[in-house]
Structure formats: C-alpha cells, structure tokens
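Each of the next two complexes has chain A plus one more chain, namely chain B in the first and chain C in the second.
On to the complex of A and B.
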C-alpha cells in the first residue's frame, strides 16, 4: 500500500512516497533508506502523494534525519494538509525541514 | 485401493491386459485376411490354369462344323453318342462336376452335349445364371485374360467354370466347351487355414500376453501400488514413527527413479516435519511468554477503579486495548502529593514487543520524574534527555502529561507530540484543547518543552486518548476522526467516566465494523467534582 520510487543524482537522493506509511509499510522504506543512504549528502522525501503517516513512519523519517544530520541535509517536500498536521501535532515540524 | 477418496476404477494391469488382447485380435484378423487373400489368389491361378487346360482340350476335340450341323438338325446319331461318351470319360478322368458343350446366345444358352445326360439335352435351351451371358460371350470372343467364373451350386457347393471356344472350319467360334469343377476344397482349405492361423496367433499372443502382463505387474503395477500405499497418509505415519520408505527397486528405469525420488521426499518431509515441530514448539513458547508479557503489561497499568476510594473530588477511569498481544500505549495516574494528581497518556512509535519494552521504560521514567513535583514541561524534558541517551533505534513516544491541582481545579500540562486533549467545561460540550505541541519524546535531546495551563471548574470533564481512537479505520479505509470522537463524547456528556469511555469504544466499534484493529486504543477520562 506504499509505493517507493528512488531517484539518485550524484550525492542527491530523492524518494517519492505514494500511499500510506504505517506499521506494515514502514519496514520497506527503512530497508530502502538503509541500503541507499550511504554517501548521500542531500536526501529529499517527496510526500505530495502520501496519504497518511503513522508513528512507525515518523520513526523512519527521524532515523533518516539523524543520519543526515551527520552527512548532509534532509528535506520533506510538499506534505498534504493531513500529513502536515501530523508533523505539527507530533512536533516533527520542529526538527524536520519541511517545504511546501 | 483407496486414496483420499479416489478409487482406482481401471487398474494399469487391466488396461495393459485389455490393450494386449485387443492388439492380438487385431493382429490375428489382419494376418488371416492377408494370408487367405494371398492363398486364394495363388490357388485360383492354379485352378485357372488347370480348368482352362481341360476346357481347351475338350474344345480341341470337337468339330465346329458338326456342331453347326447338330444345332440345325437337332438329330442325335452314333457320332453324337460317341462324343457324349468322350465327354463323360473326360469328366470322370478330371473329376469335373459338369462338362458340356453349348452355344451362348442372346438371353439363353443352347445345349448340345452334357456329359452325364443323353441326347435329350441336344437343343435344350436354358437361362443364364446372372452374369453368365456376358462372361460366356467374352469367352467365345477369346480376347484378353481368361478368368474362371465361380457360382454356388445347390448340390455341389462352390463351383468354378472354365470355357473354351470351339471353331468351325472357317475359323468362326460356334460354341463353348464348359468345364465346371468344385472349388469347395479350396474354400475349406482357406477356412481351416484361417482357423489355424488364428489359433496359432492366439496361442502365441496368449503366451506373450501372460509374460508381458506378469512382467508389467512386477515392474510397474506392484511398485506403483507400494508407492501409493507409502505415499497415502505419509505425514500421519511419520508422526506415528513408522520407518522411512526405502527404495527396493533396482530396475534402472523410470519406476526406480520415481521410487528414489519418493525415498528422498520421505526423508525431506521428515526433516520438514521435525523442523516444523520445533517451530511450533518455539511458537508456543513465544506465545506463552507473550501472554505472560500481556499480563505483566496489563498489571503495570493502574487498573483498580476507583483508584483512590477516599478521594471524592474526582471520578477517574482509563482503558488500554492493545492491537497485538502487547501494546505501545499507556496511561498512568498517581498522587504526587495530597493536592496534586498526575495524569499521563502516551503512545510509543510502532507496536508489539519492541513498543511494549519502550513503553515500560517510558512509563517508569515519567512516573519517577513526576514524583519530584517539578513542572510538567521540566519532567518531560528530563524524560526526553534520559531516553535520548540510549536510543539507537530512534524509538519515540508521544506523551501528554498533566498535573491537576485538586483544590483549585487548575491543570498544568505539557504535550510532547500527543493528540489534542478534549475538555468539557461544566454544562458545556466536549471540545478540543488546541494546546501547544512539543516534539515527541526520544527524538532529540536537550530540547525544551512548553507548559500550558487551564482550569477545570467543578463538573468539568477531561478526556485524553491515543491516536488509535481518531485513526481507527473502517473497511472503506475511512478514519474515525476528531468529529466522530466529539459526537461520541457528547452523546451522554453527563455519564460517569466508565460509561463515557465505553460510549466512545462502542462508537468506534460501530464505525470500523469488521475491519481489524490496527492500533492500540487507549483512553483516560477525568471528571472534576471540586
């Protein structure tokens, strides 16, 4: 129920997420990130087509943020209003760099 | 033999036998036809030669001119009688059935001599038997191949006729010398030969069939039967401890291959069954441990209501329903001192055992830090720092922590990434407190949390919950949502806390219907009576 599309451009990695990022789909994304984050200096998540993110999904973004704090920058792009509200309620909007 | 309700209707042995018998019959018929046709052709060639030799000989002895004379005068004389005697002797000598001289005309045959009859036959006219006229005229013309004519005589059976033309002095064919002889011997010969052939072939084939059948039974049918017996109910027999199947077929063919494959399958299956039993035992052990963990977790949440029977200033009730055996949600409440009641509701990221472990740690940390009586934001901040120290897995927990000052109804609270609390001021409706949100606990150390304050007048109700409530999902993937939650609460706003929580739960159940519960559902309600 989650579609993950990767686009690599040198040291920049963009991950497009479509669907629901929840307990069932989070492990897939975690695997994708773990296998491709090494050496990445700019990580972007395009979540414009993400319908929902649960705490399990937030955990994956947090892990990625912690890694990227050491090796570059990370951005979350174009969240829908529902997703943005989740970021705000959980305080993630304070630690993630979110762009509309 | 019966396998899984399947009954063998036609065994391989019977099929094999049937096809052997059928091919034997077919072979016998074919051989009989070929042999008898060839035989008949050879014999007929022989008969043709002999028959026409006799008729040629008789024809050569006749005088064509005399025939014309007898035909016109129809008077028998001594010469005529001498010829008849010659014909009679010739008939005897060659063993002929009939021997006669006749003129083939249109529609009928005019007799001149007949070997066994007297002069009354002279000029006797007789009808042709069917096809006789055409054949006779062809013999008279004496052109092309000569062929015997066969017919059935009521007295003598199957006869063959040869006929040769008799010429007069001008070289004109005037009559035919007919010689009829029996070919019954040949027909009998063919029949007895066919019978002999069939008997012989059947005898040989019966022998071969028996040998093939026995062979097939031994090398195909019996091994397959044994394999079938071994294969049926295999797992049960392995469970009972029956010996493994051992290949005893050494025919070097497909049957041996099948048997060896089965032997190896039996071995593998035993391996899998042993492995499976081990896994099942392991699962049972984990299941037992999980159920114990469920109990431990349930026991760790305060679950005796009313929790403080001697305090009449408030009514408090809380529930936690994990989606799996153990949950990541928790609630907690405790008296910090005589005038302060601590209230906690929290939700750990993820579910199951990892979340449950993290939940236990978080719960203890919040409780122990809260007992210091420090401001809620400082308590949460310390818990956050503590959790961040060792959190390689980036687990986090959303916490709402509030402290009610019982004497005044004032609540000091901090929200670390948790759902909005719901309040109902006395005689009002339930509504959300859009409080300021800090970051979830465990995400980043050293960050400050804000505190906010609100007052509960006597008769006010506070309701806090985890995201399992608004995010309960129906079969149509629709979320329960904030609005439905308010509606459920407002249904019976004056109900006691236990009822209030059960109203919400019923409302959720009505909404999701048969969809499985994905997340833990945890709620805490507090009514302040003053």
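On to the complex of A and C.
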C-alpha cells in the first residue's frame, strides 16, 4: 500500500509518500511523476512516512533524478534511518540529494 | 517448516510477503530486520516472476523455517525455470553517476548485503536459492 500526495507551487512539486514503495506500488508513483514532471524545476519527495523501499522504488527515484538533472533539482526529504541505510548500501546516497 | 506454492507473478507478491511475515510474527523481530527480510523476499520472488519462465509463466515454492540458537529464519525459493545463479552475477557499480547507473542487479545486491547467508544450487531441474537472516 502506498499513498501518494502532491503539492504544486508554481514550478515546485512536492510528492509525499506514505507506506511501501515496492514492485506493486512503484507503477502508481511512476504514473504520477510522468504526468506531472513536465515544467517542474524543483522536485521534492517527502519520504518521512515511507516505511519501505525495494529496487523497484529505487528505479523510479533514479529515473526522476535523471529527468531533474536536466531541468532543475530534486531532493529526498526526511528518510527514516532504515530507509537511509538502504540508500547508503546501494550507493543512492551519492546520487540523490537527501536531507534529514 | 512451512511451505507456500504459488504462481510466480507480481500480483502475488503481497501474498508471499504475508506468508513470510506470518512465520516471523511470533518472534517479535525488529522492524529493520523485518524490512530487510521483506525486501529480500520481494527481490527474489519478483526475479522469478519476471525471468525464470520467460516468455511463459510458472510457479515458485517458498519454504520458511525458523530455527533457534541463534534465532534465525531460513527461506528457500524453488522454481523449475531456466537455470540461473543470481550469485554469479557481478555486483553493480554503485559509484557511478545517476546517468550511468544501471538498475539491473541492484535487487540481488541488496539481498546479499542484508542477509547473513545466501546460497544457490541447481538440482533436479530446479533453481534453489536459500537465504538466512539472524533475527
């Protein structure tokens, strides 16, 4: 189960994720990103309530990062310690900009 | 030992996770351990679902056993698909930039990093992958 909430402020988009970002739910997030990323210059993922991420979720964040490298900036906000460890083990802490 | 025999497809992932979590329930294991086990189960099951029987479909058997002293869970994934040793795959280069990063192989890499033991054998036409995690 993943709950996705969006907040748009001009060219800034914040996506709040609650629950599990896995094989089952990643396509839903991918769809939300694809339909709203055009023209966005600042993309933030608030993951404070994301309790789980597998490689399917990492793939979505990576492709969003690639898009934002061309058109602005992207940040991942407030991961839990366990999620942060996954970012570290997979080297994602070096390619994502993560804020506590 | 408990066993689940199930069609290997993404839609069954939650059922597989529920089966595994049910085995762990009585042991009050830390959230982090639970998450690491779930991730390992997801990565392995989804790999079977996507690749083992490609382009066709097939099933997987998941065996779960909790042993004590030290308390650990052992999970075995069996499929009758194409012989494939995920441990033989080279680890992804996790130092590359976003542009150059490949997502392939990342799942099994996460499994290797988070489990205490992992082994593979191909026997009697079956891929048998076993992971073990101390609880």
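The definition used in the following text is that the second predicted complex is superposed on the first by the 100 of 100 C-alpha atoms of A that agree within 3 Å, B and C clash if a C-alpha of one lies under 4 Å from a C-alpha of the other, contacts with A are read in each partner's own complex, and residues count from 1 in each chain.
In this section, a residue touches a chain if its C-beta (ideal position, glycine included) is under 8 Å from a C-beta of that chain, and two chains touch if they have at least 3 such contacts.
Model, not experiment: these values are computed from the prediction.
Overlap between chain B and chain C is detected when the two structures are superposed via chain A. Set against each other, chain B and chain C touch different numbers of residues in chain A, with C touching more.
Within the superposed three-chain model, A:55 lies in touch with chain B and with chain C [touch as defined at top]. In the superposition on chain A, A:23 makes contact with both chain B and chain C.
Among 62-70, 188-196, 314-322 or 404-412, the region of chain B with C-alpha atoms clashing against chain C is 314-322. Across the superposed pair, chain B and chain C both touch chain A at residues 22-23, 54-56, 58-59, 62, 66, 89-91, 94-95.
Across the interface of their complex, chain C is touched by residues 22-24, 51-52, 54-56, 58-59, 62, 65-66, 69, 81-82, 85-86, 89-91, 94-95 of chain A.
Residue ranges of chain A in contact with chain B, taken from their complex: 22-23, 26, 54-56, 58-59, 62-63, 66, 88-92, 94-95.
Interface of chain C with chain A (complex): residues 10-11, 13-14, 31-32, 35, 38-39, 42-43, 46, 94-99, 101, 103, 106-107, 109-110, 113-114. By the touch criterion given at the top, residues 347-351, 393-396, 398, 416-420, 437-440, 443-444, 447, 467, 471, 518-519 of chain B touch chain A in their complex.
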